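What follows is chain A paired twice: with chain B in the first complex and chain C in the second.
Up next, the complex of A and B:
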């Protein structure tokens, strides 16, 4: 029993780190820009396939792919921001939401065309290895993915709190007009922020791909997951997102230990619906903006 | 002839345009009925049946989503519940889906109310996300419940009719449904209820302040919409004759409905009439040479472009054309006036 509880907690924390990584990009973009990026999960899916293609064609380890995904998806995100999001920001909320959904459907189906609907998995030489911490058994791949997620979250936190660019981005999140008046180049910084959000999605996709099988159609499922983390943690705060991710991970593994597998999702979906209904903007943040 | 699509509210010449529109609609409907009665191509009858089904669904979505601005990404939830209601009633009690379709509507509306009362307090993207997630949750319940036979699904025996007569039957079923629902949406558009919904869409707080009972309006719109979607689902169960949770609660259904409403022009009764045939016929034509993903890619690009450049869809485009080329004249003085 003790060993089982320990395994559940360790597993939950490691998965939680990855879930925090999934929610991070969504939370930053929503919190600072007020754009609900429903295409977030589509970029997560692209991240998984990015690692898959590198591994299959060039034999590059997913750990290296995670680092490579950062600049690649940053660039992708910046391009998407300049071509699409700048327009989305100035349309009505309904039109913006529809455009983002359109983007999600577009990426998903491009994915289906390129990679078909079959589920894929990243199987490396360490995928099925594990080690023991006392009585508990922990999979190496989860430790690696969890560690990388923690590094990503830590880097994002340091960037937002200790660099001038990061602080300026936070200033935009607090008051966009005031930030512009003070001489902050809002357009340029938001390009960076959106690029970062998508880079987070891409890296999270690589990490998820290390643990779970993935398919283009399965990405909508991770959208629900990312939203769960975001509404639980509130907007735009890296630390809160981390805590929320860990909570979701722990809830998932504990629920998984006691109820049949399918009902774990039901519990988490119900949780999400309840949280959204009770506190629309999340549990810890003050309602700032609604679009 | 296409004047129907140019008509909105307006001055005295509106009456002539309206008359043209009415004649056009009656002629179009007459042609469809005639084809349904004498047409012998099963493929075309079947395609048109699907078009009418989607016109019905999109019009129903339009009530809350188009006029009210609440984007429901969970049409499949209520569609699936409707379909499963008639299928379960048939499987356990032998009742024909045609008799139990109203019950399917009531069940879907009931779920609509249960889901709607808390979720309709959410706004914008949050409402869209929750409605999407509820589809996943309901699908899991149906996959694991014994009354629905879980992933095994439910078979409905085929009706004792020739394949052609069968297509004809569903052609008229869905045509009737589409006509009734379109008339309902037309009535809503021209009623205080419709204007109240539009007020909710444009500025909910302001609407509340000037005395629109926004909460009640949203609940009613949602109940009516889910009732219609449930009925359509109930009849659809008999049409496809085999239901399983993945097809009945497919996210594709929710997505198709939103795409059609947006491309046609959300918040207009003509929008679904334009977009549903357009999308389905193009999809049908493309499937000969392309896969359906290609079709999705095309329409998602169309949707992005429409959302960003033509906020009111094909209908909005036509209205702006009218404003450009057809100047409204005051019937007494002959001066040009700004059109509505």
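Up next, the complex of A and C:
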């Protein structure tokens, strides 16, 4: 029993780090820009296939792919911002939501055309290996993916809090006009922010692909997961997103270990509903859009 | 420190938030270098819109914004500081989740390529406003209204703008703090800066003004130097109220 509990805790923390990675990009974009990026999970899916193709065609390890995904998806996000978001940013939330939904459907269907609806998996030499921590057994792939997710979250934190550009992005999230008056090119920095958000989605996709099978249609599941983390954590805080991811990871693994599988999602979404009713701002104590 | 300030002119400005609803209907304003030019008028007459026009948030459908004769109409908001135009917006505009130092540092965004110069400019603000020194690491959102206003003024001054657009500087402040803010505006004027001040506090604004414009329904009404207005405040305000 003790070994199982320890395994569940470690598993939950590692998965939680990845879930935090899933929610991070969504949280940043929503927190600073107010754009509900429902296409977030489509980019997560693309991240999984990005690693899959690099592995299949060139034998590139997913760990390397995670690093490569950063600039590639950053560029992709920047292009999406410049070509799509700037057209809907000030047209009201409905148009923005519809545009992002359209983008999600487009990416998913392109995924079906290119990769079919069959599920794929990234199977490397360490996929099915594990090691022991005391009585607990831990999968190497989860340690690697969790570590990369932690590095991603840490890098985002450092960028947003310890660089002038990151602080300027946070300032835009708090008062866009006041930031512009200071000479800050808001569109330029929002291009960086959106690129960063999509880069987070792409890297998270690689990490998820290391652990779970993936298919174009399966991406919507991760959208719900990302929103779960964001709602739990409150909008736009890197630290709170991390905490929320860990909470979701722990609850999921505990529920998965000790109650029938069909109750796992019931428990998680009941928790979400309770938090929304009792504490609408999420786990944080302050309801506001800021990072 | 003496600033060589430019003249700011607004000529025949027609502007608003929608093409069908123009707030400014042909306004002419000239803000002289090194002077405080005050724009007064009843609510909804376009005073704040005038500052937003100069700051670049509102586009003129007719007329021009000129700085020493250079037309600024096509210049985006973030490039106007490069021309020396700083704005102190109405209400709270300090970034609440950033510290005082981070707020002030962002005021020097245009200096970011020269980190040493940026640091010096930030530290100069803590010398100028020593009471902010002990608040350096406090989040701006936790400060009092007066302290936040000081942060906003310091943030505006880091890049040393020569033209200051000041929108209702005393709103939400205690009378004592408001007096300090007006005193600071006089000091900024004495440094040679061009100041365009929009205010509801008629008495305080006229007291520090060099020249006064009164707008009514988005148009120029009356104008003159301070002495022309000082003795006749009551009739001005009664005129706005229509009594």
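Miscellaneous remarks
The rule is simple: the second predicted complex is superposed on the first by the 275 of 291 C-alpha atoms of A that agree within 3 Å, B and C clash if a C-alpha of one lies under 4 Å from a C-alpha of the other, contacts with A are read in each partner's own complex, and residues count from 1 in each chain.
One rule holds in what follows: contacts are C-beta pairs under 8 Å (C-beta built on N, C-alpha and C of every residue); 3 or more make two chains touch, one makes a residue touch a chain.
Bear in mind the structure is a predicted one, so any value in this text is a computation, not a measurement.
Once the two structures are superposed, chain B and chain C can be ranked by residues of chain A touched, with B on top.
In the overlay built on the shared chain, the residue A:277 is in contact with chain B alone; chain C does not reach it.
In the superposed model, A:87 makes contact with chain B only, not with chain C.
In the superposition on chain A, A:39 makes contact with neither chain B nor chain C. In the superposed model, A:95 makes contact with chain B only, not with chain C.
With both structures placed on the common chain, the touch criterion links A:177 to chain C but leaves chain B unconnected. Residues 290-291 of chain A lie in contact with chain B in one complex and with chain C in the other. Of all residues in chain C, those touching chain A in their complex are 55, 57, 77-82, 86-87, 89, 93-98, 102, 105-107, 109-110, 112, 155, 159. Residue ranges of chain B in contact with chain A, taken from their complex: 69, 71, 73, 118-119, 121-126, 128-130, 132-134, 136-137, 140-141, 143-144, 201, 251, 255, 258-259, 262, 266, 291, 293-294, 296-297, 300-301, 303-304, 307-308, 311.
Contact residues on chain A toward chain C in their complex (touch as defined above): 164, 167-168, 170-171, 174-175, 177-186, 290-291.
Per the touch definition, chain A reaches chain B in the complex via residues 36, 38, 84, 87-88, 91-99, 101-103, 105-106, 108-110, 112-113, 220-221, 223-224, 227, 231, 260, 262-263, 265-266, 269-270, 272-273, 276-277, 280, 290-291.
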